[in-house]
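Both of the next two complexes hold chain A, though its partner changes from chain B to chain C.
And then the complex of A and B:
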């Protein structure tokens, strides 16, 4: 989201290490960790794909990549990701614009914020399942309400709709601060010069938002590209996509190699998006913060009629989201959804007895991943953004690899790499924690880098020129300023540790299991009640923890520091 | 004191501590079960009651379980693979992941319930059935399907759900059933499947994936294993179970010892117990509607009643083993993505 300011002067030889032993120790430790948990698993996976009985081989790889259906799935994935990017960005913009410019009462904004967070923090499958119940051939809405018979839910339309609803909050969170940061005096000036409201929107507001829109499009594109849970339930047979195909190739056709090849094919667009975002969009953010403040009375940039349309659209989407989750809550409270609607707490009884181990394990793992992931993100982000050392760029890119790869491939790579000695971690909690830290920690890295961009280096230089060591400067000057990034990193790692499944389904073991795996398990057993109860529990826990983090964030934010652009947008 | 160094230590310390966190008890046998937890758990509790050996288990679908056992080949994490249609185990044999073992019941089991070398042994039998939604039948004035051709009725257009052959043993058993009732005339069988395709709303990833949609009426009907179908009924969904007059196939559920298991003795004890009447007599108590594989165990009366007039035939293991891959590939090319 932000470019890295190149530190002045190239590092010569090992001089940098002698000058600053603390720095070299930290760099070395990070490289060891990155080597172990990012490079090594991928190398092992590549070895599994390309080494056949001791020699290099590409046999069979061409066949898979040129298969008509896999090629179709590849294009389907790109099409879906593009459409999700467009639709989600549009929705996100409508929400952000309405909240920033609509002059809504505070409680309405709070309600919208809460509803919009729901899809982001819920376990996989939940929206997709609620969708099937509502819009299927016998759905509550399509059949019971509208009386449509034989409605087909499986296909691109509903996958697109469900993914857009799940991921548009990313766009909302990314665009809202940008809109809020546009000084409405600029719009006011344009209007007082005689421009119509539409002309102001078209020629002033929109152009300022373009980088933000491009950024959120790419974020949504990447999220859709890696999503496997939604298409698994909703895409049906006519619309195969690549992440699901890779999963089926591995678990269905017992073809680890083919699945790995398909995932590597997914790597191409995923990396392209990452590079675009990193090197193009990130350099095109306009800053309109003048330091004078926009004044308390916001400029009336929206005509009353338009405002009502916008508010109505937001309320409609919010109601749909609230409805889907109310359905989930209801399913957790009845005996058997669709057959026996007697109210019961039985399913909660089940999850707190048989499911108790999964709940404990998940909390331990998420609880440990959270601080480790937060620290890792802040430390790496700080070093990359502020320090000169050889391989700085390489470190930044390496740290992003596990984040950019689809979960299935990361999970399989970890499974292969850490099963055998010398590094035997399979079956431990550590392998799951490492997966989360290195897969979701990068959000913290990027928030840290973005935040450091906004803090003038002269603050640190002043400290250093007064004789403080780099450690002291970091602790006394930089750390307080980047605390928001630390908390953002904590939040993301915690949320993902509670809700992710695509990578860790391969890493759970007889010793450590996860709630999300239990949810999937309950779905396949037709135990919808416990699955819904688990989901409600996850949402409740995440809400409480995120609430606590936001509270901490508000209390500890250094005065004058910019707000974190988005907690989850990365 | 240096903050960067302290941070680096803070990062790595908990990581190192955690490495020591995994623990394994002594007389515990480790198992991947393909049977859903609500059936596997009572079985393992019975086993612990009978032998004092604790079972540490985690559940995976057949494909996931097999993929894991293969990935863990060099350093197995579990001792036994419990349950799952036998073709999962057949696929595993080629990967060399099982250790042959012939439990005491081996001699008594009919040939189709055991691998000749004991690479796997059956613990149950699971026939396919037609399952339809009662309200759907009533609304469309249909009788429960009693022939494979009944499913071709346009009234079912876009309303059937059944398993995807790429991921599900249920689907493979279904395809071989269709081949069998067409006198092993493959072209005829595939003609039928292609004709059925417009009526299929969704091919599900797991064998039981369509049962809930059928129960809820999202789909009108489908072809499932009897355990899943009867379970749907037991949950309170109004569904009808029927059989085609031409006959329908059945698949054995198997157990196997993992090669290089850390607790092979305990694993063998579990296999001894699971292949004997000791376990299979408790199916009825726990309302698990598998048919026992052991000839000495009687079929539970209400289950026998359901199966009374059904024409059920076993799938020829040799024929299925030899043609499985080709058949699935043909299904993908001609039926799934024509």
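And then the complex of A and C:
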């Protein structure tokens, strides 16, 4: 009766605003920002598509959507996303199951975690580049080992495998806590009733995991649908997909409207997935993930033979990942990969001279986006989870829009919205920073809300009853307790600011450019050495920053606070 | 500090519930707590007691009605402006602060000098038996100790009113009994006006000056523990406070003071009848298990007959279940001597210890 989780219902009139001026100021500021950087760009995008010469028109859409090539791209995108979803979820489940039930030694789990983390924190096309080094026309395996001349790697197969390797860690991270949280007594109970291991797996473990599997399929589907760089490098002309087509429409044919139409076509499946994931799958979880493990299985839940097969599969995939990254490092250290394998630091020389501006720009932008995005996430998450004000739900949903949309749409929308007056931001660092803050800050919002749901409201009420006003309560009680969410938000915004490309490729300029864009340029110009060196540098920087953040978090964490399991979890 | 009174005036609060639609969490609740008094709101879960308490605290705002503390209308004040001490069911200790800092929190908010904060924290921790715990964290403490810290944190600010929301329900039975004595003791010593919420009738009877029994959002009866036990105004209160046999009876004769009723085929004199009761009316008798006595069947020919169906020997008392015609009676017998235990199946006579038996009117369903 009394434990209403969050304040519901509209506050009467403007009473709430008078009661708590700090709250109303924060709400107003956030709405202004959301309006400017989320609603306005999308409205401008829609206007560009549906508005022609002062009246409503669907002619532009018709022209593009009857183009066979573009329709093919649409179906290709859906096919690729489906296959990546299936393959990635399968891989993720194998990994999660092996780690949760395989009884592996601690260090093996740590090694697997490390290898799985690599694709997550790298620029999304790193695997694609390494694929080219390995299987390309002059690839280590295709050319050097097998001696095949003129091998074409470009097409759906390589795109699929590259994306699956890049994104399966998402499935692993989503499924592992679910498997760990299944009470082992339930499985033990089934076994005590006479069920075999296989039967227990089939009738108990799997059914409990199905919402998790569906969830991870949708996450991977969305990731693949939005992926722009991997197809750009690997898909080739034979396998067009929507994000790259939209990009080429704009940069190659200078057809902003056509690009906008194509990106909108991407919106339909992306939104469908988002709605399914949030309002259907997420309400069907049987297993509550509390952060506390349910203990290790009291019995051998996996037959020894099966266990070895699983471990072997995980080790094989881990070795492939390690091999691809080693290859990347190697390619950055030789004169000309595939031709001259003499060791050199020349490529690093190149990136620190010619590429220095990109490095500086990227660090400045990531450095500014990080605190802003972290603060934005914590503030909005706190208000939405804990405060009653009109439009609370709408604010939460609006804040998630840029995060849920494929980067291509957001990039094109920003390009259209901020290129001309009244708000001319094109060419500035601000437009890129805003893009990152509102696209990646929502991770912090989600983590904050999740963390606040674990923190009982009575803590804040206790503070109020002791005479603290809402500002003091937030500063002294809530903020210290949601610090982990703040840092997780910081970490994610920084990583993404260092590695993202799909949205910001439309926003870079002569004044402000990014490492990821440079890498892509280098790849298309076939200067593979600098591309590899840039990639290695990005990964190194991200590693250092993540290490620093988790170290800081461990030091700052008060003995009573909730432990932070993973920077990328949640 | 001078103790102040708390007044809850015709307060109502509605919630929208996903399944049940609009529900009244509190409906026209009126409660008057005198300065220094210890009043408990008692009732089953969902009866509105916690909502009412939270409205006194300022965590919830009433839809209608007023809350007054010390004669001042605080209905529209924030919790932080009311100078109250609140003890939560889950203690709500700040996990990132030490015990010392937890207790000091309200004093720091009030910008007191450090030296005074330190001495008051030390004093209050000693008062609750936790001297020297300043540097510990709450997760290093037992449930009972956490409870004491929560209490210390609430009283150190010298609140006008102390509010408790089921403070003992997370403790084990033995500790619960001990803590309720300590709470009562402390409240007497500090003379703080206190409102306490619990669903445990024994706890309510042990700590309170006065009890307000709540059901479905409303206060159904107010009074001291013995008032409620001996003079319940409804079947709900009779059943909620203690154990009871509610027996259908018929009024034989009604006089100015009391009258006679027939129950279990026997005429019994009662000291008090429902107002307006006339001969022939159906009523119900509130018979506590200890208001019945079992006699040997042979020696008491006039009393109703029964058969012992069950027996539970609990040391200082014996509980019997006796079949008596249609009725199954709960009977408690104290000070039984080794030879006096009745065996299951034995025939007995049932004696009603009148005449102060409460009589309730028949409730129309």
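Observations
The rule is simple: the second predicted complex is superposed on the first by the 483 of 570 C-alpha atoms of A that agree within 3 Å, B and C clash if a C-alpha of one lies under 4 Å from a C-alpha of the other, contacts with A are read in each partner's own complex, and residues count from 1 in each chain.
As a convention for this text, a residue touches a chain if its C-beta (ideal position, glycine included) is under 8 Å from a C-beta of that chain, and two chains touch if they have at least 3 such contacts.
This is a predicted model, so every value here is computed, not measured.
Between chain B and chain C, the partner in contact with more residues of chain A is B. Contacts of A:458 after superposition: chain C is touched, whereas chain B is not reached.
Of the two partner chains placed by the overlay, only chain C lies in contact with A:467; chain B stays clear of it. Touch criterion not met for A:46: it reaches neither chain B nor chain C. Contacts of A:256 after superposition: chain B is touched, whereas chain C is not reached. Within the superposed three-chain model, A:548 lies out of touch with both chain B and chain C [touch as defined at top]. Once chain A of one complex is fitted onto chain A of the other, the partner contacts of A:477 are limited to chain C, with no touch recorded for chain B. In the superposition on chain A, no contact is made by A:326 with either chain B or chain C. Contact with neither chain B nor chain C is seen for A:345 once the two complexes are overlaid on the shared chain. The residues of chain A shared by its contacts with chain B and with chain C are 469-470, 472. Touching chain B in their complex are the following residues of chain A: 21-23, 25-26, 29-30, 33, 68-69, 72, 132-133, 136-139, 150, 152, 154, 232, 236-237, 248, 250-254, 256, 335-340, 354, 368, 372, 375-376, 379, 412, 415-416, 419-421, 424-430, 433-434, 469-472, 474-475, 479, 505-506, 508-513, 521, 524-528.
Residues 1-2, 4, 8-9, 19, 456, 458-459, 461-470, 472-473, 476-477, 480-481, 558-561 of chain A touch chain C in their complex.
Against chain A, in their complex, chain C makes its touches with residues 15-16, 25, 45-46, 48, 50-51, 54, 57-60, 78-86, 88-90, 92-97, 105-106, 109-110, 137-139, 153-154, 157, 163. Against chain A, in their complex, chain B makes its touches with residues 1-5, 7-8, 10-12, 14-15, 18-19, 21-24, 30-31, 36-38, 41, 56-59, 61, 63-64, 66-68, 70-72, 74-75, 77-78, 91, 95, 157-159, 164, 166-168, 200-203, 205-206, 208-209, 211-213, 215-219, 228, 231-232, 235-238, 328, 332, 336-337.
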